[in-house]
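Each structure below is given as structure tokens.
Shared between the two complexes below is subunit A, which has subunit B as its partner in the first and subunit C in the second.
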Partner chain A sequence: MTDLPVVGFVALSAALFAIGLFGILTRRNFILILIAIEIAMNAAILNFVYFGAFSGGTGGLTGQAIAVVLIGFAATEVAVGLAIVLALNRLKGTINVAQATDLKL
Partner chain B sequence: MYGWAFLVPLFSVLAFAIVGLAGTRVRRLEWGGWVAVAFSGAAMVVGVLIGVGEMVNPGTYTDVRYTWLHVAPAPGPFPNGFSLVVGTLVDPISALMLIVVTVVGFLVMLYSIGYMHQDRGLPRYYAELSLFLAAMSGLVLSDNLLEFFLFWELVGVCSYFLIGFYYEKPSAASAAKEAFIVTRVGDIMFLLGIFLYFYNYSQVGPGGGWAASGFLFTNGSAPFLGAALGGNSTLLTVAGIMILGGAAGKSAQFPLHVWLPDAMEGPTTVSALIHAATMVAAGVYLLAVTSLFLGFTSTDQLAIVGIGGFTAFFAATMAVVHPDIKRVIAYSTISQLGYMVMAVGAGFAMVGLFHLFTHAFFKALLFLAAGSVIHAVGTQDLFKMGGLRKPMRLTAIAFAVGGLALAGIPPFAGFWSKDDILAAVYSQVGSHPAYWPFFLLAFAAVFLTAYYIFRAWFLAFSGEHPRDPGLPHAHEGPWVMQVPLVLLSALAIGAGLLVFIPGFQSLLTAPTLLGAGVGGIPPVYGTTDLLLSAASVALGVGGIGLAWLLWGNGRVYVLAETSAAQPMRRLLLNRYYFKIGYDWIGAKGVYSVARAADFVDRFVIDGTVHGFERAFAIVSDRLRRIQSGLVSDYAAYVVAGLIALFVILLIVAPYVVSKLGGG
Partner chain C sequence: MSIEELAFLALAAVALVTAVAALLVRELVHTILWVAVFFVDISAIYFLLEAPFLGVLQLGVYAGAVTVLLLFGIMVTRKKIFSREAATGITAVPLALAVVTFIFIVAAVGELPQTSQPVRSYDPTFLSENLFNTNGPWLLLLGLLMMGAVAGSIYLVREGRE
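What follows is the complex of A and B.
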């Protein structure tokens, strides 16, 4: 794998991140936004894995270890996010974020 | 004993405080009047005692003073430092003035009890009148020019209050404003004059001259003599002209004379006080004090003689045709003040003050007599009156005595002092030919004076019955109004003869002798030029005779109404259009400046402030719309910020660094 060009991997994770960002900015459904956030986050995690592998030695292991921890973080984050979705649904009867604009002036 | 001189203003201030603070809480309104009468009586006792004491020990200077502010010697404009002091100075001049102020003040106060008893706002009246007296006696006792100026302003504001006493009347309110604004022009000049004198005397003389001693009139037990110190003569000339301007404002001299006739809007008692003892006397007193202590240059003297002599004639002409009894007397005051100013200008300050002394009594008498008439018939129009001598015998006699004194008929008071002035100025025309025209004007004014005051007398008192049958039945006032008339009549007859009493004469000669460095002219008392006296008495008698011919026995001289004299009459009644001219200056000149200032204030200064305010309002209103509450919008801003950060860090910053030469 180390003979593959690094720019291809970076382009992959950049594309993933852009897809996630696009989802965050354009979706109005809270759950879809959460999914988009997960996509963007996975793009970041992917970076750890292959930059670790490219650095050689024990770097590959270090990258994978960080990736596993970050997957755990992503799970907790989704748990919090879904809790907010539930609370929002109870409050507004919808999970459309365009309806949740109470904090503006 | 002279240390107690401060009691004179203090008594009046106490009356002011008591009547002013408690007056409205007492149901009986005359109560405040009697308090004021009692305090002014006490002030009169102290004032006259001081005057008598100064007559017994002539030429003493008693200066009781306290340092108010002391500036230590230090390098700079005043290397010797200076002090500002407050204090009382009893000297022959202030003793003379103190007698005038307290006696006339007391009599006017007593008369007010009868004259004013139907008016509303009496506590205000008595409080203001007391403050007026306090300010004037404080001014007279001031021992330095700065303190003098403070009391001077206080006198001005009191006259404003009292002229505008009937403030519901628009004419009274505007007359009060006029008096205040016109005299203010003079006040500014006076202040400039003080500064110029102070600057000059701080630069010359031993020990820093005037700067070291403050603005003091005295130098220990003798007067401070500025003329002996000299200095920059141009500066001194300008300073003298400024002092003349201040005095012209206060003493209603041409061209600042316009306010005094309008000041008739106040109660007659106030007119009596303003015209006799306070306010207008302050201007002449200022000139006399400046002349004796600081000295005028010859240019100043010519200017002062010119203003005085011209005003004496100019004001007399306006009195000739006026139908209002009070205004006739008002013009006569301006005219008589012109005589005093002329005497001071010619170097005879004490002769001028002697005329001020006698004039105060007969002018107060004339005003109080006129007040009795107005009180009785309720009008000031001479052409409605007539035949009043029968129901008002005392008033008729009192007015006649005042008129004879004003006309300069011996042995009445005005004769001695007016003749002294004419003789004094005449003694100078030889060496100062430029005085001639002004001397002749003043001399001619003697005739006019006698004519107009007796025209008023004949119109009011002679004949069989009033010309206007609608007038109420006339009667004399109560005793409080009659007693001052009798006392002032006695003074109007006898005050001039006082000059033959050695003690009184020493009041007049002492300051001139002490201040021998000033002008060095010996005083003239008791006339020395019999021909001149005879001529002026003849003019006076001629004026009275003409008045009798035209207006005696209830006649009304109708020629002026119909003939070619009409344009002249209109010119005089319109006061040579001076008031209209000044109003025009005020309406066009000053108002345009005020409009320009208003424009700058409103659009330039306020415009800048409001412009900033509006700009911030607009910007913040736009910025506010960013806060939509939409999560995805905020996310977009975060992304935008992130991109901006990348652009700056990766593109702009390296570019700038490379331009600066690689850091």
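What follows is the complex of A and C.
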């Protein structure tokens, strides 16, 4: 049984989420935005795993099960995101999100 | 300070550095390389937290599949694979928002034990029982979502659009 600092994990995932949020807000390339979303998503999944690992009873297993489902969600999201990238590239010739303005008035 | 705590500090430092580097380097292929290191690092953290099944899943799904999908996306959308992105500077408002989010999350979590706590290890057999019995509906939902995602992706990239 290993001992680990709980506060360190909270700080790590909060920092990773902040980095991901910064990337989503500043990048213009669709693939970079997807990567930033993945970084933020990983920070969120990490929360389930470590709060599960530090809790007693069967709470840890529920945390791990939710993490398994969330990893599947994230992979699905990347697949759909890349389909959007391909469609955007075919329609506009670029994957810069600033150019995707078809729905603007 | 125990060897596990040192390992955690090293892994956390690598995670932060690779996440920042992935978003700041200007060549997209280098971004993918940094983010692959990030995913492997997160999987090492899962192993440290006594969750080996999740660690293997992270290696297979993220470091394997997602990285290759992203590389594929880069390959088909640009003429020169190693061309550089236009520089996007660090703007003040998003940076401030990210810092505020970080402080807000750390503050919102509230009182946590300041000392190191024991990590419980579980038998993977019980994890499968939990996954397929207690949390079975979530797994079914994931399957339905993936089916919808397959149909949606094929609709988006099909031939003869416009």
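Criterion: the second predicted complex is superposed on the first by the 102 of 105 C-alpha atoms of A that agree within 3 Å, B and C clash if a C-alpha of one lies under 4 Å from a C-alpha of the other, contacts with A are read in each partner's own complex, and residues count from 1 in each chain.
Basically, contacts are C-beta pairs under 8 Å (C-beta built on N, C-alpha and C of every residue); 3 or more make two chains touch, one makes a residue touch a chain.
Keep in mind the model is a prediction, meaning the values are calculated, not measured.
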Simultaneous placement of subunit C and subunit B on subunit A, clash or fit: fit
Go through the superposed model and pick first if A:Phe54 touches only subunit B, second if only subunit C, both, or neither. second
On the A-aligned overlay, A:Ala15 touches which partner chain: subunit B = first, subunit C = second, or both, or neither? second
Subunit B versus subunit C as contact partner of A:Gln64, first or second or both or neither: second
Could you tell me if A:Leu46 is touching subunit B, subunit C, both of them or neither one (first, second, both, neither)? second
Look at A:Ala100 in the shared chain and tell me whether it touches subunit B only, subunit C only, both, or neither; answer first, second, both or neither. first
Quick one: is A:Leu32 in contact with subunit B, with subunit C, with both, or with neither? Answer first, second, both or neither. second
Given the touch rule stated above, what does A:Leu91 touch, subunit B (first), subunit C (second), both, or neither? second
Spot which of subunit B and subunit C makes contact with more residues of subunit A, would you? C
In whole Å, how close do subunit B and subunit C get at the C-alpha level once superposed? 7
Subunit B and subunit C footprints on subunit A, overlapping residues: 21, 25-28
What residues of subunit A sit close enough to touch subunit B in their complex? 21, 24-28, 33, 97-98, 100-105
What residues of subunit A sit close enough to touch subunit C in their complex? 1-12, 14-23, 25-29, 31-32, 34-36, 38-39, 42, 46, 49-50, 53-56, 58, 60-62, 64-69, 71-76, 78-80, 82-87, 89-91, 95
Residue positions on subunit B within touch of subunit A in the complex are 624, 627-632, 635-636, 639
Given the complex, residues on subunit C that touch subunit A span 2, 4-5, 8-9, 12, 15-16, 19-20, 22-23, 28, 31-32, 35, 38-39, 42, 45-46, 48-51, 53-54, 57-58, 61-62, 65-66, 69-70, 72-74, 76-77, 85-86, 88, 90-91, 94-95, 97-99, 101-102, 105-106, 109, 112-122, 126-127, 130-131, 134-135, 138-139, 141-142, 145-146, 149-150, 152-153, 156-157, 161-162
